[in-house]
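Each of the two complexes below includes chain A, the first together with chain B, the second together with chain C.
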Partner chain A sequence: MEVFFQTLVAGVLKGGLYALIGLGMALIMGVMGIINLAHGQLMMVAMYITFVLFHYLGVDPYRALPISMVSLFLLGIFIQKFLLNPLMKVESILPENQVLMTVGIGIVLTETARFIFSSNFRSVMTSYSTAVFFVGGISFSVALCFAFLCAILLTAGMFWFLLKTDLGRCIRAVAQDNEAARLMGVNAERIKVLTMGIGAMLVAAAGTMLMPVYYLFPDIGGPFTRKAFVITILGGLGSTVGAIFGGLTLGLVEAFGATYIGMDYEDMLGLIIFILVLLFLPGGFKRLTKV
Partner chain B sequence: MRQHRVPLILLAYLAIFPLGAVVPGVLGVLQKAASVFPEWLQVYLLWFTDTYLLNLMILVLMWVTIGSAWNLIAGYTGQVSFGDAAFFGTGAYAAGLLSTKLGLSAWWGFLVGGPLAVLVAFPFGWICFRLRGAYFALATLALNEVMRHIATIWQSLTKGMVGIMIMPTFVSKLPYYYIALGLAVLSIVCIEIVVNSRWGYYFISIREDQDAAESMGIDTHYYKMVSLCIAACLTGLAGAFWMNYNGSIDPRSVFSLHDISIMAILVGIVGGVSTTYGPAVGAFIMVAVSEVFRTGGFGMLEGLARMTNSPATEVVAKYVKEAHALSFGLLVIVIILFLPNGVVGDWPRLKRALWPWSGKKA
Partner chain C sequence: MLRVEHIQVFYGDLQVLWDVSFEVDEGRIVVLVGANGAGKSTTLKTVSALLTPASGTITFEGTRLDRAPSHKVVELGIAHVPEGRRLFPEMTVEENLIMGSLASEAKSKRAETMSRVYNLFPVLHERRRQPAGTLSGGEQQMVAIGRGIMARPKLIMFDEPSLGLAPLVVASIFEIIRMVNSEGLTVLLVEQNVKHTLSICDRAYVLENGSITMEGSGRELLHNEHVKAAYLGI
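Take a look at the complex of A and B:
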């Protein structure tokens, strides 16, 4: 039974971070209508920023959080403004041009990281990286718990922003109906730029908080991109509430799969669930809750 | 026939010139024939006699096959697939397992690899074709990964990450070159015939508007499947060829999302989607770009560094070598932004940009 609860805790803690990754992806999906296949790579960039700040300047990863978030916000804005928005005016045979563009951006980010930092594994060893505390025989990683709390706070803040502020309402309006929002005087292009920035910012937060307990190499982006879209499909494309449930589900599935089936199957389970959801519940959890 | 004139001349060139390497006498004749051209041109006429360049040409021709197959399903039928490696790997593993498990020659893979890839394509299509656009792309990507995990985990059959090693049949690269050339021609001719038939019109109508096609009485699910099966078969053949040529495969190399599936997409979009010769041009550009960067301009930069004795050039040469994958990404971004229909698709525009004085005939 202890193993079961330990796995549950591990899954939920991981799920909190996954939710943060999925939330950014869901926002981008909802507003732009495209899948951002460079999402994990953006996270990788944030992780490298954290690593550089820690390694060369001795900045604690949690203090580096605002820096990495702001830099990724700017990077997201740059990508949307100069690389993705111009594509809407370009005529092409394939409608998936923007998705292919994010693939290109992902390659550029990964290879630039490899160019600068080489393919070596890096990690950030802080005093609390391996610290744990026990509650009733079950160990909790301090860093992961802190990350989980931060993820909850950021998610809550995000929802407040989306529900209560004018900008948030604009974002939701564009996501619901681009044309109608435009007619109501919303500058859809600018909203898209802003959304990309926010999406990148959220994934940066997840990357930075993962850094004390995780390792880093340039190709780490790919697996996280895959996780991000599994989460968004689970939750329902473009659904922010769904992304949270999707993230928690994926975290739990991975944790239980790793414990009870085998570590080999950890990645595959996520993909199988993804395909099952596509087949039997297209629309994801959003379908069930109508949120 | 007129639009095929340049490719046919190129094909004749590709078919004749490597012969100089093996058939005595032919080389002499060719050199005599070539000597009427200026010296710098001779180098290019005879470059196929070199093993390294032959190897590059084999790679180009293999990518012509894979890229054309991707072009059929993505360019003509409009289903942007991120899962070509699933078929490529199936073909490669079919050939490899025939040799390791059944003791047959890996060349039987050409007979088995294609049909087996089609067999994989059935569940693939059954799952993915109920989805559209971005969902479809994601589903193919996921299935590609699932195939890779299966090949990794099913160790009793595939030996997992160890992969499969066989002895290549020929020492010379020339037989492989002609087989690859044959495959490339086969795939281009096949796809050209299909696209110009009634099926081709169905495919394009599905790409342009699936609902309209459905309402005109086209069984969209069936025709998407037909398109995928042809593409899968050709990709599977390329996979079987790769097993025979390379002699060693492992799940990470043949089911690779980046090295196979995305490379196929890059070949397609750089050359130009839904054009006959786009993937061929794209394959050439991609392999050339990759090699020029990987070898530092075929060693020219290093030579320059040695000649000028400047450490700065040496550093540049080193960085250029490391940037070969980066160049892919930049190329994709530039192509999508400025030539959204690829080099072949946007050739008139590209021509006007390159040679503004070439006349305003149109």
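Take a look at the complex of A and C:
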């Protein structure tokens, strides 16, 4: 039974970070109508920023959090403004082809990281990287708990922003009906730029908070793009609430899979759930919650 | 107030508006009537700068609109109540109204305008926390009109406000449009419901296959033989 609860805790903690990754992906999906296939690669960039700050300047990863978030926010803005939005203006290019552009961006980011940092594995060993505390015989990783807390705060802040501010409403409006939003005076292009910035910022937070307990190499983006994709499909495309449930589900599935079936099957199980959802609940959790 | 001169509009290679010109004077109700596919909605979308004319000019109170971005058009004081209502379905009624008042001036008077809209449509006040997608067609049209009013525009454009509504609701929608106009708002109305529209308007233009074929006062057109045969079925 202890193993079960230990696994549950591990799954939920990981799921919190996955939710953060998925939330950014879902926002981008909703507003731009595209799947951002560079999402994990953006996270990789944030992780390298964290690594560099720690390794060369001795900045603690949690102190580095605002730096990596702002950097990725700017990177996201740059990508949307100069690489993705211009594609929309060329009539012969289908809007869907922006997805291909994100694949290209992902490759460029990965290879640039390889060029600078080589393919070696890196990690950030902080004093608390392996610290744990026990509650009733179940161990909690200090770093992951802190990350989970930050993830909850960021998610709550994000929802407040989306639901209670004009700018947040504009983001939702563009996602729900782009043309009608423009008729309301929303500058849709600017909203897209902002949304990509926010999406990149959220995934940056997840990446930075993972650093104390995870490892890093240039190709780490790919698996996380895949995870982000799975999360958004689980949640229902473009659904922000769904992305949170999707993130938690994936975290739990991976944790239980690793415990009861085998570590090697962790990634596979996520994809099995993905296929099952596509087969039996094609709209994702969005179909159940209607949000 | 609004002057559209010789605009040519294309969807890709397909020309949909041919040399369309018309004028809307301040305080009036002006209508564009015509059959399905005549280019009425296209005309409004061009004024709102969702579409850019290949040539021709659109001026509103002396400002050129034909090359301006759509958010600029809203700021200048033109509200567009689109065909099919186009509410934000997952937002509440209140949020939809808020979305109508993003420009700085409208925003500063948001609460005041909103209570005016709720006075106009008391049922919306009851439903203000409900997602707009769950309302009936008539109520949705009220939200769409309310959202237009929220912008505190000088000119409000309605695209087929009677579409898909029960006859009783249609009558009340037209009543509202007349009321909005009597409060000083200039109205540009696009309709297929020709008889009803011509009876409330000051000036009307007939749009056929993408060009203006006739113009005159509502009364003149109501008695015009061609209009009678083609649109009124008399």
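The criterion applied here is as follows: the second predicted complex is superposed on the first by the 286 of 291 C-alpha atoms of A that agree within 3 Å, B and C clash if a C-alpha of one lies under 4 Å from a C-alpha of the other, contacts with A are read in each partner's own complex, and residues count from 1 in each chain.
Note that in this section a contact is a pair of C-beta atoms (placed from the backbone, for glycine too) under 8 Å apart; a residue touches a chain by one contact, two chains touch by 3 or more.
Since the model is a prediction, treat every value here as computed from it, not as a measurement.
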Touching A:Ser139 in the superposition: chain B (first), chain C (second), both, neither? neither
Would you check which partner chain A:Ile233 touches, where first means chain B only, second means chain C only, and both and neither mean what they say? first
Partner chain in contact with A:Met184 - chain B first, chain C second, else both or neither: second
Please work out whether A:Leu87 is in contact with chain B alone, chain C alone, both, or neither, and reply first, second, both or neither. first
Applying the document's definition of touch, where does A:Thr165 land relative to chain B and chain C: first, second, both, or neither? neither
Once chain A of both complexes is superposed, is A:Ile35 in touch with chain B (first), chain C (second), both, or neither? first
Quick check for you: in the superposed arrangement, does A:Thr130 touch first (chain B), second (chain C), both or neither? neither
With both structures placed on chain A, which of the two partners, chain B or chain C, ends up touching more residues of chain A? B
Looking at A:Asp267, would you say it contacts chain B, chain C, both, or neither? Reply first, second, both or neither. first
Both chain B and chain C contact which residues of chain A? 91
Mind pulling up the chain C residues that touch chain A in the complex? 12, 48, 50, 69-71, 73-75, 80, 82, 86-91, 95, 98-100, 102-103, 107, 147, 151
Which of the residues in chain B end up touching chain A in this complex? 74-75, 78, 80, 127, 130-131, 133-135, 137-139, 141-143, 145-146, 149, 152-153, 207, 257-258, 262, 265, 269, 273-274, 319, 322-323, 325-326, 328-330, 332-333, 336-337, 340-341, 345
For chain A, which residues are in contact with chain B within the complex? 33-35, 83, 86-87, 90-97, 99-101, 103-112, 114-115, 222, 226, 229-230, 233, 237, 264-265, 267-268, 271-272, 274-275, 278-279, 282
Could you list, by residue number, the parts of chain A that touch chain C in their complex? 91, 166, 169-170, 172-173, 176-177, 179-187, 291
